[in-house]
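Two complexes are shown next, each including chain A; its partner changes from chain B in the first to chain C in the second.
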Partner chain A sequence: MAARLNPLTALTAAAAVLVITTAASSWAVSLTVAVGAVLLAAAAGIVRRVLLAAAVIVVPFWLSLLVIHGLFFPEGRTALASWGPARVTAEGLTFALEMGLRTAAFVLVLMVFSFSVRIPELVAALTARRVPPQVGYVLASTLLLAPLVAARLDKVRQAQESRGLVVGRGIGSRLAAIRLQMVPLVLGLVHDAGIRAQSLDARGFRSTGPRTSFTQVRDSAAQATFRVFAILLALAAVGWRIAESLPAGSLSAWFLSGAGGG
Partner chain B sequence: MSQQSLTLPPTDRKAVRRRRLLELLGAASIAATFIFLVLTQPADIAGGPGSVSSLVALGGFLLGALLLIVGVLPTLPTSTVVLIPVALVLNIVLGQLMGTSGLPFYLDSIGTVLIAVLAGPAAGAATGALSSIVWSFFNPTVLPFAAGAALIGFLAGVAARYGLFRRFYLAPVSGFVTGIVAGVVSAPIATFVFGGTSGVGTGAIVSAFRAMGDTLLAAVTKQALISDPMDKAIVFAIAAMLVYALPRRTTFQFPFVRRFRVLAGKEPAGRNS
Partner chain C sequence: MIADRTAATTLLASIASFSYHGDPSPALRGVEVAASPGTLTAVLGGSGSGKSTLGRLLGAWLLGGRDGTLAGSLQLEVAGHPAGSAPLRFTGAPDDPRIDPGAWARHVGYVPQDAAAMLSAVRGTVEEELAFSLENRGVPRAGMVRTVADIARRTGLDGLLQRDPATLSGGELRRLAVGCAVVDGPGILVLDEPLESLDQAGVRTVVELVHAELARGTAVVVLSQHADALIRAAERWLVLKGGEETAAGPPARILQGGAPAESGVVITSPEVVIPSADREPEPDPMPAPPPVVTLPVAGAAAVRTKAALELAGVAFGFGGRSGSSGKEGSLLLEDVDLQVMPGEILAITGPNGAGKSTLLRLLNGLHRPLRGDVRVADESIAGVPTGLVARRLGLLFQHPHDQLFERTVLREVLFGLDRIFGTGAPERAQAALAAVGLGDSGNVHPHELPASGQRLLALATVLAREPSVLALDEPTVALDAHGLERLTDAVSAAAGRGAAVVMVTHDLRFAKTHAHRLLRLDGGRLRQF
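Moving on, here comes the complex of A and B:
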């Protein structure tokens, strides 16, 4: 399902949902969005990967929120329990719950996007929109490079071990071991980058002007309309939230005086 | 590898001016967002998760970071552009490792500082911002910190420009100062977007300040002032160590290193640039 969408449509949808969730700032909306993201992931068949990756990020986050706001919330009035300086308050727990759900929705929505998007299509779509080609290169290259760097680090470690590297208990020995692995790794990567720069330059990487792409990105009038609609909806949510936050009555007073003056 | 492209660079005045404008707008957006957040915070956070502040923090900082990237990236030489992915992978690999260790340090900007020392403040700023954006494909919570990461890269480049990486003991000092600035700028994001937390280790310090009755922004800022300067001092020292370990043949290929004599020592012989 996600494969047939233009990546920009998916990106716009994710961004709009996040803006609306932040603007609404209510636990019910956040929970709905989070559940919706999980259902969407299930429909795309990536629910296990998304949930696992999100849990690694969100669970320590929740624990930290609980420690900060659950135990210490000086603004709280309704104390539920207290040990010495620590005071569990209803307000603190509510704040932690709201923040926790909002963060969970934030993480889940972006995870569903990044796990379902095809990077070559995203890069092609960005280049077609006249985003500088370097942005697409950096994005795609980093995602491809990560496993290569991990493999290379492994090779460096093996090579140093065969030269007699033994990691001792002491911190000095550990730091020395890190240095012995980091320096060859970085040196090799910088050297490789130089070679890559030459071959990229030889193929006209820096040339300006129109570019063609092997990757065809599907787009449709309906998707373009949807993107405009999503952006307008997000802007409306922001406008509503700002109007709401102004002191009560000031907006209508300004409106009336403006109407009277005109 | 540093040799210039054989074709002449296009001298399009209008495009250059447009990019400079994008950079300035990006920096202005980040600065204005920070000032707005600091000025309006007391009224907002007491009334529940401050939603206007979160929107402003997310929107203003992200917009600034994006403008910086689009403005800076096309001006960089290819030899620097291909180094950016390497720096990002180093950031991510080392940052993920530290994030799980529970220590109140991040060490997630070694690659950014490395690029800044080799290629200058603009490249450093773009690398920092891009690092947050690419990393958010694995961990979305780093996305809002893009502006802070850009600032770290920029300040590291400025430190290198004025020769603070020529002596090993000066690098951690400049890192310490960078950490103070970066911590103060990043604190509103941790406060308004995530309710004051960015990890278990830092959370414990925040709750200690909260126990003394600080407001959330004050507590998070104080935590950042404890963690960030130390963190950046370590990062700058590691980056300096890595740059010194690189052969001069490699480091002097970067025009920024040659032009501002970023590193002590002479240019290797036999190179006429």
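Moving on, here comes the complex of A and C:
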């Protein structure tokens, strides 16, 4: 399913959904988007990885939201409980819930996109649209960085365990292990990058002339139309949101004053 | 677009000296290389002789000015391009000529010792990786498709074009790296240790590839520390030691002198090693080094002595245990039984991908068996963290790059040592470094050591812990003759004090000479060799 899609179509769709979710600013929309993303991931067979990666990002964020807005929400009126300056208010909890859902929707959509897109195809599609290849490379290596770092970290951990490092289940033991692994991890990655740069040079990566692409990216008139439609829809959502947020009547007042001034 | 023959190209390099920035002494001095069409030139030398530096200079992976100070000249003579054939002269001054590595690579293809370093790491399939430099040069897609198909045929990658490069075996990866280097049709090919860590099938395909390139008129330069069958086919040898040329000329004449041995070159079988697909080659008739002296291997007396290492019915597969019993077909190892006695040296061989490295990782718990039990020093390691098993079992990884992570050589050996020896740790570390000949390199960064030094440092980290079982994964790879001597001494000393040694190796000669027992891992089971 995802393989047939042009990566730019997927990218546009993901961006449009994010913009619309932000503009809508409603927990119902956020929830729908989040559920939709999970269903898409399930259909593509990547739901486990998507949920795991999203949880790593979202859960700490949720906890901080709960502490900050759940306990200290200045506009909160309906106090449910209070300890000194900390008050759990209904408004605070609602706000935290809305923000939390929106973030979850955001992260899930981005994860579904980055786990389902074939990165060489995305780079090829960008190159075809005259995006500088260096940008494409940086984008590709950024999207590929997580697995690369994970693999490297795993190797460092195995090397250290084989020399007597015992990583316990406790959080203290894990933190101590992470501290031991960070410097080797970064130095190893930098070393690899240095070698890689020489190889990229020799393979003509710095050439300034025109480039071509071996990877063929599928596209169709229907997909192109969909992309335009998605962008328009996102723009409309932003326009509608701006109009909504202005004080009632101010828009017509602005028109009137403008007309009067002219 | 790629002709049947490459454009006749000659590379003349005259390196008066080359020093890395910040390094007071030159890495190369007075080295002359001439590579002419259709000829094979071998650059031989032990660890730290300057081979890889020379190879990188020839391939413009190292540039005078950017990476160090170069004095000398580089000259490419390409048939049909007399204008571009003037020598480039370097004096180490700021106004020296600047080489564009991308343009240079169209005439000189360089394949590094670590083939994986050749890959762009952002392409998902072998064919995309092959096309990478063509894309960068703006070759139209139709031409690219033709060229990629042609290169795939030449390098034997036909059946692998849709594979993810990260999943290739050592031999396949080497062929892909060569493919990436020849895709622009260079007339010169520089290969750094092209046969390293390949099994017999891998060796065969790479040797065939080199001969095919020679037949096309490519000038091939091979850098190596092994005078193996491929190297013996060279017209001309150049021997380096300490960055200087100590001998040059036809192989027969150089073999009579002592220059290769002095530099640390490993001299092996003179026969051309093209064994049939399913058989390991016969041991070569070169005089074998004396066998190691160890404790007599316990025979009937074994009943009393407890095994240092014991595997009983061990099965393992990367599918994991999640599947039901239907998973049996995907097992990498099944019913592996093994007993290694204290003082015994056991060698395990087998084709690439047979699960040899996986077997060693089961010994210290980096992998856990799906079935069966692993016992180290008569205690099961089931449920014991790797960090604790490591007190009794030392594992030498297949790639030193994966084993070394510290900032200096000394810190590397010291890691985790205080937990065993307390305040005696620094002394142990120094002794282990001295045993592998790195006693003076304590403050060097591990990455700055030559490949041989990195392997020996990794070995030192294992030796320093004085484990009762040593598990060594391809310990001979990247070692020159001096390094092999250190390894032999270390293995004999460990066995002499009663440690069991299990090594996995493709080096049958080393295994037959130094091991008490040789087993073959194939089809998931250990068999008598």
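In the analysis below, the second predicted complex is superposed on the first by the 181 of 262 C-alpha atoms of A that agree within 3 Å, B and C clash if a C-alpha of one lies under 4 Å from a C-alpha of the other, contacts with A are read in each partner's own complex, and residues count from 1 in each chain.
Everything below uses one rule, namely that contacts are C-beta pairs under 8 Å (C-beta built on N, C-alpha and C of every residue); 3 or more make two chains touch, one makes a residue touch a chain.
Owing to the predicted nature of the structure, the values given are computational and were not obtained by experimental measurement.
Trainee: According to the contact criterion defined above, which of chain B and chain C contacts more residues of chain A?
Mentor: With both complexes superposed on chain A, more residues of chain A are touched by B.
Trainee: Kindly classify A:Glu98 by the partners it touches after superposition: chain B alone (first), chain C alone (second), both, or neither?
Mentor: first
Trainee: Looking at A:Ile195 after the superposition, I want to know if it touches chain B, chain C, both of them or none. Which is it: first, second, both, neither?
Mentor: both
Trainee: Report for A:Leu110: first if it touches chain B alone, second if chain C alone, otherwise both or neither.
Mentor: First partner only, chain B.
Trainee: Is A:Leu187 in contact with chain B, with chain C, with both, or with neither (first, second, both, neither)?
Mentor: After superposition on chain A, A:Leu187 lies in contact with both partners, chain B and chain C.
Trainee: Which holds for A:Phe205: it touches chain B only (first), chain C only (second), both, or neither?
Mentor: In the superposition, A:Phe205 touches chain B and chain C alike.
Trainee: Now for A:Phe214: first (chain B), second (chain C), both, or neither, which partner does it touch?
Mentor: second
Trainee: Using the superposition on chain A described above, determine whether A:Arg179 touches chain B (first), chain C (second), both, or neither.
Mentor: First partner only.
Trainee: Would you mind listing the overlap between the chain B footprint and the chain C footprint on chain A?
Mentor: 137, 141, 183, 187, 191, 195-196, 198, 200-201, 205-207
Trainee: Could you please specify the touching residues of chain C with respect to chain A in the complex?
Mentor: Spelled out, the residues of chain C in touch with chain A are 56, 59-62, 101-102, 104-105, 110, 112, 114, 117-125, 127-128, 131-141, 144-145, 148, 180, 184, 364, 366, 385-388, 390-391, 394-395, 397, 402-407, 415-417, 419-420, 447, 461, 465.
Trainee: Report the residues of chain B in contact with chain A in the complex, numbered from low to high.
Mentor: Chain B reaches chain A through residues 1-2, 5, 7, 10, 12, 44, 46, 48-49, 51-52, 54-55, 58-59, 69-70, 73-74, 76-79, 81-86, 88-90, 92-93, 114, 130, 133-134, 136-141, 143, 194-200, 202-204, 206-207, 210-211, 213-214, 238, 241-242, 245-247, 250, 253.
Trainee: If we count contacts the way the header does, which residues on chain A are in touch with chain B in the complex?
Mentor: For this pair, the touching residues of chain A are 19, 22-25, 53, 57, 60-61, 63-65, 67-69, 71-75, 85-86, 95-96, 98-100, 102-103, 106-107, 110-111, 114, 131-132, 134-135, 137-139, 141-143, 145-146, 149-150, 153, 179, 182-183, 186-187, 189-198, 200-201, 205-208, 238, 241-242, 245.
Trainee: Using the touch definition up top, name the residues of chain A that touch chain C in the complex.
Mentor: Its residues touching chain C are 118-120, 123, 127, 133, 137, 140-141, 144, 148, 155-156, 158-168, 183-184, 187-188, 191, 195-196, 198-207, 209-216.
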